[in-house]
Amino acid sequence: MIQSLAITHENEVVTNFPIEDYQSLKFKWAWIDFNKPTEIEIQHLENTFKFHPLAIEDCIQRLQRPKLDYYDDYSFFVTHVLRSNLIKEEMNFFIGENYIVTFHMDDSFEVNHVWNQIIKRQTIKKWDEYAVFYHILDKIVDHYFPFIYSIEDKLSAIENNNEDKMDALLEDLFVARHALLNLRHTIDPMRDLLYRMLNSHHLEGIRKRKEYFGDIYDHLLKLSEMVSSNREITSDIRDSYISINSHQTNKVMRILTIITSIFAPLTFIAGIYGMNFLYMPELNWRFGYLFAIGLMIVVSIAMYSWFKRKGWF
Amino acid sequence: MIQSLAITHENEVVTNFPIEDYQSLKFKWAWIDFNKPTEIEIQHLENTFKFHPLAIEDCIQRLQRPKLDYYDDYSFFVTHVLRSNLIKEEMNFFIGENYIVTFHMDDSFEVNHVWNQIIKRQTIKKWDEYAVFYHILDKIVDHYFPFIYSIEDKLSAIENNNEDKMDALLEDLFVARHALLNLRHTIDPMRDLLYRMLNSHHLEGIRKRKEYFGDIYDHLLKLSEMVSSNREITSDIRDSYISINSHQTNKVMRILTIITSIFAPLTFIAGIYGMNFLYMPELNWRFGYLFAIGLMIVVSIAMYSWFKRKGWF
Amino acid sequence: MIQSLAITHENEVVTNFPIEDYQSLKFKWAWIDFNKPTEIEIQHLENTFKFHPLAIEDCIQRLQRPKLDYYDDYSFFVTHVLRSNLIKEEMNFFIGENYIVTFHMDDSFEVNHVWNQIIKRQTIKKWDEYAVFYHILDKIVDHYFPFIYSIEDKLSAIENNNEDKMDALLEDLFVARHALLNLRHTIDPMRDLLYRMLNSHHLEGIRKRKEYFGDIYDHLLKLSEMVSSNREITSDIRDSYISINSHQTNKVMRILTIITSIFAPLTFIAGIYGMNFLYMPELNWRFGYLFAIGLMIVVSIAMYSWFKRKGWF
Amino acid sequence: MIQSLAITHENEVVTNFPIEDYQSLKFKWAWIDFNKPTEIEIQHLENTFKFHPLAIEDCIQRLQRPKLDYYDDYSFFVTHVLRSNLIKEEMNFFIGENYIVTFHMDDSFEVNHVWNQIIKRQTIKKWDEYAVFYHILDKIVDHYFPFIYSIEDKLSAIENNNEDKMDALLEDLFVARHALLNLRHTIDPMRDLLYRMLNSHHLEGIRKRKEYFGDIYDHLLKLSEMVSSNREITSDIRDSYISINSHQTNKVMRILTIITSIFAPLTFIAGIYGMNFLYMPELNWRFGYLFAIGLMIVVSIAMYSWFKRKGWF
Amino acid sequence: MIQSLAITHENEVVTNFPIEDYQSLKFKWAWIDFNKPTEIEIQHLENTFKFHPLAIEDCIQRLQRPKLDYYDDYSFFVTHVLRSNLIKEEMNFFIGENYIVTFHMDDSFEVNHVWNQIIKRQTIKKWDEYAVFYHILDKIVDHYFPFIYSIEDKLSAIENNNEDKMDALLEDLFVARHALLNLRHTIDPMRDLLYRMLNSHHLEGIRKRKEYFGDIYDHLLKLSEMVSSNREITSDIRDSYISINSHQTNKVMRILTIITSIFAPLTFIAGIYGMNFLYMPELNWRFGYLFAIGLMIVVSIAMYSWFKRKGWF
């Protein structure tokens, strides 16, 4: 679907004009939105707007890296939108002299939100193509935060775990790391893109709104820091878990060894006097039984002292 | 609460003047402090001082990253204050031609300290808006140190641990790492902020006090180094703990295996001659018992030599 | 084999002319392709084209790093082609005023593809030596992707593993890491090479096609990111696997210790009363058997409560 | 204690003149040394030399980071001296037009050495304040080496360890890592300080002795490399130790399992025929005993082949 | 030993002239080689060539880092040569207006090779002091490769290991890592040295041979990549080994636990009915033996199902 919207020099809003006329009608500025366009609609990019084939290719292909390309009469921006389950979608912008073209392959409430704001809004004078760009980008980046917050909540849950569900929690930890890695591959290129936009000499429209785009850049810096900090927390949790576990295994090993060490000789002695040889003098001793029990006590105490001296208690 | 303080050109201290007059009264310089301001008081930022909406938004929102934004007539600084339990609070500064506005959402003894110093002080001539900024910032950064010192003390305690409380110490280690990560996210951006302040061409007032702000930067460099060095120590302790533990598990395993290896065949032999078969020739031998005992001794010695040769003793 | 192809100023395609005439025949531009050249054919590089001995040496030696060298009249490019099983082959380019020389030691379908396109193609006017270079390079880089995709598929399979084939999967993980390391040593230098090409002041022909070579650079950036991200995933999988395993070992240890702890004393008691001493008062007690069983029950319950209190169930 | 030394324009050495006169006496150059100064002596820094309060504060406080501050008429250097047991001490330098002030809180044989050299020396013409600075700094850095050499020796000892003292060696390894971390926090800032000194445009006296201070920088580069290389060796040793240990635990586990697997069923069979039931037909068989022994042999062989097939031998 | 060689302006080779005359004899260029010089020969560096004492000190001391120092009339280069067993030796170069001095403390076949080439060679016109420098350096760096290749071979052997010699292979792995670390400390500074040489504005002789020294730089880049890549492979092998081992330990643990779990209760039951109490009703039951056997079978099946349900088979 292609939608069009323009502001005349008299600050009136015009919608749904034929997009071929976006130049000839001499608007103050115009916005054409490609929302899940058909193959035929996509051809407008080439035929009507004369965009470069490589830029059009980047629109059509899934998941280019966020980036900025300068062409003679327009700039081309690729940005990433995060949808539920961390699915990434692309939002592409072409910004020319007095127009902006947005191109996206899924419904974008960010676009709808800004579109409706313009149509309803009194203060139409303040808007132009860069204002549209800023407001959509601001919304896109604002919606990165809930994804990180949800991961942070899961990590807090894992930190406060109770033993029983350990396997599930380790699985959760792995999933969280995967999600953070995924997020980083959206957030870090977006951050670098904003940095380039802020420091570019070609983008006068962004220069004039430096504090606005700078505010988005602040958000991306913060997001990027949150991602790496949370990844460090996950590896801290895992390493800490491994050392606790190795400590517990060691403790359990000691108990096992102590028990085996004490009972193995005792059971062996009992076994000896359980043998059925005809001639076993001890069996007939008056205090043979007491002697055997005494021997066992001596062995136990010797073992016990040995471990005590080794510091295993 | 909003407090105001100003120095006239005659070097007299004026307090609690109506803040709307901070310009018209032609002070030498003025300081307006927003301490836990109400919603209505916050509106002064926009209406009285005409600060940019994005800067005001940064004031109101919790925990912006430390940063510096230049606006036409003033600069805007976000800094982090550490409160007990490593809670972070924001301290925001607007510094204009001859005024400073401080904005914070919790009671700040740093602000109070400097405020009282000015009111009591003889040498009022030396003060101006950047001196106020410096002294508050110096106090803020000075109060980062106790947090690191306390972590260093805990790490020393862990290094000198005794076995008994190992689980608690591993937990402490994890907590220390978490705290250090937290601290780093305050200290490193603060350090970068000071670096930018020192090297900025826009901040004449800081340039003139280069050695003072440079002293704060020194502190932040040192803090930053302490944080990363302590994080390395924690991971050293953990890795070292894991290798000691794995060594001990190995030692305990060997003892367990030796005991099992020696007593399993002995107990088995005793078991054999404990069987109740009617026809077991050995049972009736004159020296059957001695034979069995002899067999056991031979087996023990064989096992012992085997382990000796394997180097397990 | 040496092939030659040239476009005359009348835009006609000439093939298989004697390569010694590539300059004297005054073509618009010419392409000479060395495909698995013999020793004698290689001597043309020196005798006919007068290329620098060091550049020729780089052609002949296997697996130079991807790189770009400027000489007076031509530039020399080394690039890497990936063949099945991640075998690396070199593709070398010499680009001069109005000619391009390609040099490769294995059959290159990339070269054949472009060669055929030129011969068949109507739009012969648009082609020149840099267009040839671009189209071959584009094909080369496009064919890096399947190698990464296949690794990503293997990693997905490993993530969704089932216990039985664990050893094989760990082996696969190791192989995947090795392959990724291998890929990185092709992709990262290729990326740096494209970066240098795009930012060089010597390569006018690339400057004029900035968007085309920039598109290849985009691909390489994305590839480089995929490689490092997949390497991180492999180490995540391995670390996660180790912590799950150490957790399971710990659980199994506990069960083993519980069983040993409960049955060792019981079997010992049974052993005691299996001894054959003549004088063992308990054996003759009316309720001796019940007493022994009772003793065993008491010991079991004591052990059970002890472990319960230790939280091992 | 404050010592003073000066060279007149006639190249005569003057010592112990009143330090207030260091300027008025018109020396060629002068050196004033503060060795463990008292509070009252420290006041000379402010009153006599008019040094900046922040520089004086840095002198008095323990363990500033090595650094360099430019003031209007002098430069201020903080450097670290290593004393036995890796205790760090500060050595501070103020270098002005024709004087040098050294300030240190412990006895410095570096200072004494250079002091004596000047007093005894014929070639007094070659010395000036920067020569003093160079010679002290050279001595300071030369004395970093023995600390690293001693750590390298310990690491060699650990590499060639014999099993018996493993716990002590792991402790040594941890101590060595700690010491290296400690050293790095002296050496790396010192290296950066020298780099800044060599590349500074303010320090004409260092520029003229570029090869001399460059020689110290070489030493620091080498030291820095040795520290990081030795830290890598320690982590190599530890990781290697862990994998050897985990391999040994695995081997010991197998032996334990084999023994248990073979003797548990055998002992169980012996136990069966050790039961005292009145009616057990096998007990009365003529070859019951042989049957039992045969059964045991069959079970042993089955177990043995099973493990053989599993590849555990 | 000191050797001398010079080319006259008539392109004649002169050897073994007195080195004091290297300037006065007005050669086109001269080469003086110090091969394992005596103390007295070393004094020529100071007395005849007037080299700087610090450069001479660097010659005499063992193992300076590879580096480049500019002096007024000459440049001084320190490079590393690798001898068998990865022993490092220094090769020092002084290059002045029309002479080169080489200084080395061991026999250098690189020097001999180039020396002989010049003496035998027809094309004497092409040589000068920088050509000598290039050819020696080229040889030095070419001889780094065999050391890496030998390590790569060992790593391949380790990857294809068979279980039996695991301890030896882990030791080999550690040795390989050590060797790689060692190599890196030669190769990386050499690479940085070549980079500096190529980008220096002081070294006209190198600038004119940019492609030649650039070829050496290519080799060093490749070597540096090989070293880090091989170090990554070693840590991959080790980590992979640890996870396989931990998996195997886990498997062995399970088998041990299963055997213990099944036989411990069975042996206990047999122990019960092996007791010699006078009054044990079961012993006199007609089917007491069958009852005991039945009880054992029930317990075995219960255990078996329990483990089956836990998924341990």
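Order of writing sets the chain letters: A, B, C, D and E. Residues in each chain are counted from 1.
Simple rule for what comes next: a contact is a pair of C-beta atoms (placed from the backbone, for glycine too) under 8 Å apart; a residue touches a chain by one contact, two chains touch by 3 or more.
The structure presented is a predicted model; accordingly, all values stated were derived computationally and were not measured.
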Chains contacting each of subunit C and subunit D, listed by label: E
For subunit B paired with subunit E, centre-to-centre distance based on mean C-alpha positions, whole Å: 38
Cα-centroid distance, subunit A relative to subunit B, in whole angstrom: 24
Contacts with two or more other chains, residues of subunit E listed in rising order: 242, 246, 249, 253, 256, 260, 267, 271, 274-276, 280
Chain contact topology (line, ring, star, complete or other): ring
Circular arrangement of chains, read from subunit A onward through subunit B: A, B, D, E, C
Partner subunit C, residues of subunit A touching it in the complex: 52, 54-55, 57-58, 64-65, 67, 69, 71, 163, 166-167, 170, 173-174, 177-178, 181, 185, 235, 238, 241-242, 245-246, 248-249, 252-253, 255-256, 259-260, 263, 266-267, 270-271, 273-276, 280, 282-289, 292-293
Residues on subunit C engaged by subunit A in the complex (per definition of touch): 211-212, 214-215, 218, 221-222, 225, 229, 232-233, 236-237, 239-240, 242-244, 246-247, 249-250, 253-254, 256-257, 260-261, 264-265, 267-268, 271-272, 274-280, 311
